[in-house]
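For reference, chains read A, B and C in written order, and residue numbers begin at 1 within each chain.
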Amino acid sequence: MPDATKTQTEAVVDAIAAPSAADGHKEQGKPRSLWGDAWFDLRHRPMFWISSILLLLLLVIAAFPGLFTGADPRNGDLTNHFLTKPDLGHFFQADWFGYDGQGRSIYARVIYGTRASILVGVGVTAAVTLVGGLLGMLAGYFGGWLDSVISRITDIFFGIPFLLGAMVVLNAFTDRKVYVVILALAFLGWTSICRVMRASVITAKQADYVTAARALGAGTPRILFRHVLPNALAPTIVVATIALGGYISAEATLSFLGLGLADPTISWGIDIAEGSQAIRDNPHALLFPAGMLSLTVFAFIMLGDAVRDALDPKLR
Amino acid sequence: MGRYVARRLLQMIPVFIGTTLIIFLMVHILPGDPIRAMWGDKAADPAQVASLRHEFGLDQPLWKQYIDYMGNLFQGDFGKTFGGREVIDEMSESFPVTLRLTAVAMIIEIIVGIGLGAWAGLRAGKAADTGVLIFTLIVISIPVFVLGFLARFVLADQLGWVAPNVQDSTDYAQLFLPGFVLAMLSMAYVARLTRTTFAENLRADYMRTAMAKGLPRRRIIGVHLLRNSLIPVVTFLGTDVGGFIGGAVVTEGIFNVQGVGNLLFKALQQREGSTIVGVVTVFVLVILVINLLVDLLYAVLDPRIRYA
Amino acid sequence: MTIMDKTADIPAPRAGGSNDAPLLEVRDLHVEFHTRDGVAKAVNGVNYSVDSGETLAVLGESGSGKSVTAQAIMGILDMPPGKIPQGQILYRGQDMLTMSYEERRKIRGQKIAMIFQDALSSLNPVLSVGYQLGEMFRVHQGLSKKQAKAKAIELMDRVKIPAAAQRVGDYPHQFSGGMRQRIMIAMAMALEPDLIIADEPTTALDVTVQAQVMDLLKELQTEFNMGLILITHDLGVVADVADKIAVMYAGRIVETAPVHELYKRPAHPYTRGLLDSIPRLDQKGQELYAIKGLPPNLLKIPAGCAFNPRCPKAEDICRTEIPVLVPVSEQDGSELPGRGSACHFWKETIHG
């Protein structure tokens, strides 16, 4: 708490941390050392490793669901399996998590539902980062009328509540495939990234090394991509990573309401909605997809947390 | 200050127009035809369809529809539902319900969120702090509708502590559970934000001064730390109203609360344009006004901010 | 004047004291910080004392432990990571380290007050200066809000802030640096403490304002016959104000002396180095002296004399044995009162 304490402890920490960070990253320069430090920091966080392993597993499940179950997630057997209770001893078998109201294997559906969630999460984040990041960078770097126009558009989209707007937008589509949901969420979600990017580009633009680069005769693209962008990227990455989990959660919510993904696509949100009908006597039909959904969101949020702590220790 | 407010109000106009235009277009650009859909699978009488289309102004070009709509809006006319009721009547019945639900949620969010955050922030780095951090992480990870069903399943269906459905929306005791569910996500964010600002401000120089002045611990934390730490939290509470509105649709559906969320959800299912646009327009106005109020409150809380 | 009337209520008499104990005495104080990377020994056996009306200047580089000692006296060390493994801090003969939290809190602000270096960050940004000044009276004397405000205006007048009555509701950022430091001083003076610890009170100020603030501090000190511990790294400030000086290095006192003696004849190579590194007009054109090397890492203080790696006179003994603070005498053996040096070769240094 006292100043002297802080400076001493910090000096000590700096002295110890500096050589090891420098060892791993011979190249000097501000961006490198920021990322180097962040990586150094990340490697020492159990949260980072837990979430990474979880996410890796989820990615594999999303890519190759057939590896994890031989059961068919779509064809139900109403006569034999209607709402059968789970058999928790039957690891990785069709009846592991029981059967749902249409006699389909819940385990298979949980496995096959991963793909839609991951696709939506990653897809929206990628689209939002590209569009929002680009617009924010242009607005922040060039300022003037371009900034005014982009900022006003951002204000307009920012005025629409995210989930509510998504409901209205998606309601306009009858055939809601994964890409439709991605586009709808990205359409409403790009503003926060745009604002963050704009603010950090403005800050980075005013830094002394940018003035120095300009004085040395560097052109606009060079300044923008070599000097401004690498230094403005960190907050954007933090916001994007944390938002990813939120997008997955939003997709499930919309699907749950019947406004997101529609039936041939397997989505945890739809399964939760169906499971909720039978919750009183057969909670398993809701609990397993809900658990898997929460676990996925948890993994992404935890990764976002770890990345934020590593990139911006002040926010911890 | 007066000039600042005037400028902000002026800036709101294009934002308001832009936002409502987007919503309006989204609702009316629908590939399907809501009027024909009223007949379901039965064959519709083309003359009847045409007259209904005319009645709702759906035969006009889109831009004309929008201008007419906005013109009526300024006279307090939100249009009619397909059922023939005034949208404004529907909304004035359901808005107070949602308002009460949101108020309950807000109070829970503020008390529990700030309390938990302060508790963790004062113990930064200790077990209690880690516990709160993990708790908030879990709460953020569980989507509201899952949380809602779980709460309903456990507290109402299994334990029977509360009624699963809200029968009387003026009874705050009944609104507690849906309010709590609605509050959870924001509460977790408030707790995290409070924790961060508390832990950060705890190291501030003025805290050392307060200590050196020989102030009692309660005063150091309750006056010097709290006043500084609440500034970002208040800002967050303001910007979070939009999230509440989205959450209200889900929560009201789960607990059968007859609020705006429910009204909107039904309107979405029936593709009833006037209600959808009406509800969203009011929400957008509410959000814009709250954002302005928060900015003004910010200046009150932090004397370093001066709006010219 | 109302401030004066309050004196009668304070039980312990001001000057001299009821017993022979000095106003404040620090005995063999050790402070360490337990960090992830090890134990940083910030203070390693400091002794000093201050009497009423006396000014002790504590001199040293950042990291020498001068501020940490002051914070230990105030009881505002962050514990943990800070820890006081041994030592005593006696206020009028009573060890404050064994007192309860409440007892210590009542001494803070009322008997011992502190002035910090950066007034802008040390004052609460969201509370008016009037509130922050008045708080002293409300908490320690139970005055009402209104009475406290009147007292606050009175205090601001005392420290010569113009238009005090109009500015009492202003916030710290609305004042200039010098005015802010005056408010800090006013806050410390509020309850007429017996001792004031000023931690680099003028470092953050313009040179022209520095003198004004020091003069004010000195004036108030004389008026109330207070003890003053002035922590600084600025030898110029010390010369005008202090009665005696303690020079600190790596958490130890390496030299003590009455103020003018130290300037004339330093008895420790570190002090000499400090004095030689002051730019002087009569040596214009020559290269400015600088002590070589860096302040020691508090995690690994060098064996022997902590200053040995930087000392121009270091010999083998300096690398193995820690020199203790010994009295310094003239060449003929006559005592030099108040002087001490923690150098194996103090004789050579002072007389050489």
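Operating definition for what follows: a residue touches a chain if its C-beta (ideal position, glycine included) is under 8 Å from a C-beta of that chain, and two chains touch if they have at least 3 such contacts.
Treat the numbers as computed from the prediction; the structure is a model and nothing was measured.
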item: Centroid-based (C-alpha) most distant chain relative to subunit A; value: C
item: Busiest interface, counted in C-beta pairs; value: A-B
item: Rounded Å distance between subunit B and subunit C, as computed from the means of their C-alpha atoms; value: 54
item: Centroid distance [mean C-alpha coordinates] between subunit B and subunit A, Å; value: 22
item: Separation of subunit A from subunit C, taking each centre as the mean of its C-alpha atoms, in whole Å; value: 52
item: Per-residue multi-chain contacts in subunit C, two or more chains; value: 76
item: Residue numbers of subunit A (touch at least two other chains); value: 1-3
item: Residue list for subunit B, restricted to those that touch at least two other chains; value: 205, 208
item: Residue ranges of subunit B in contact with subunit C within the complex; value: 204-206, 208-216, 219, 223-224, 227-228, 231, 301-304
item: Subunit B partner contacts - residues on subunit C that touch it in the complex; value: 74-76, 105-110, 113-114, 116, 118, 121-128, 135-136, 139-140, 171, 173, 187
item: Contact footprint of subunit B on subunit A as seen in their complex; value: 1-3, 6, 152-153, 155-157, 159-165, 167-169, 171-174, 245, 249, 252-253, 256-259, 272, 276, 279-280, 283, 286, 290, 293-295, 297-298, 301-302, 305, 314-316
item: Subunit A partner contacts - residues on subunit B that touch it in the complex; value: 11, 14-16, 18-19, 22-23, 26-27, 29-32, 137-138, 140-146, 149-150, 152-153, 157, 196, 199-200, 202-203, 205, 207-208, 242-243, 245-247, 249-250, 253, 264-265, 268-269, 271, 276, 280, 283-284, 287-288
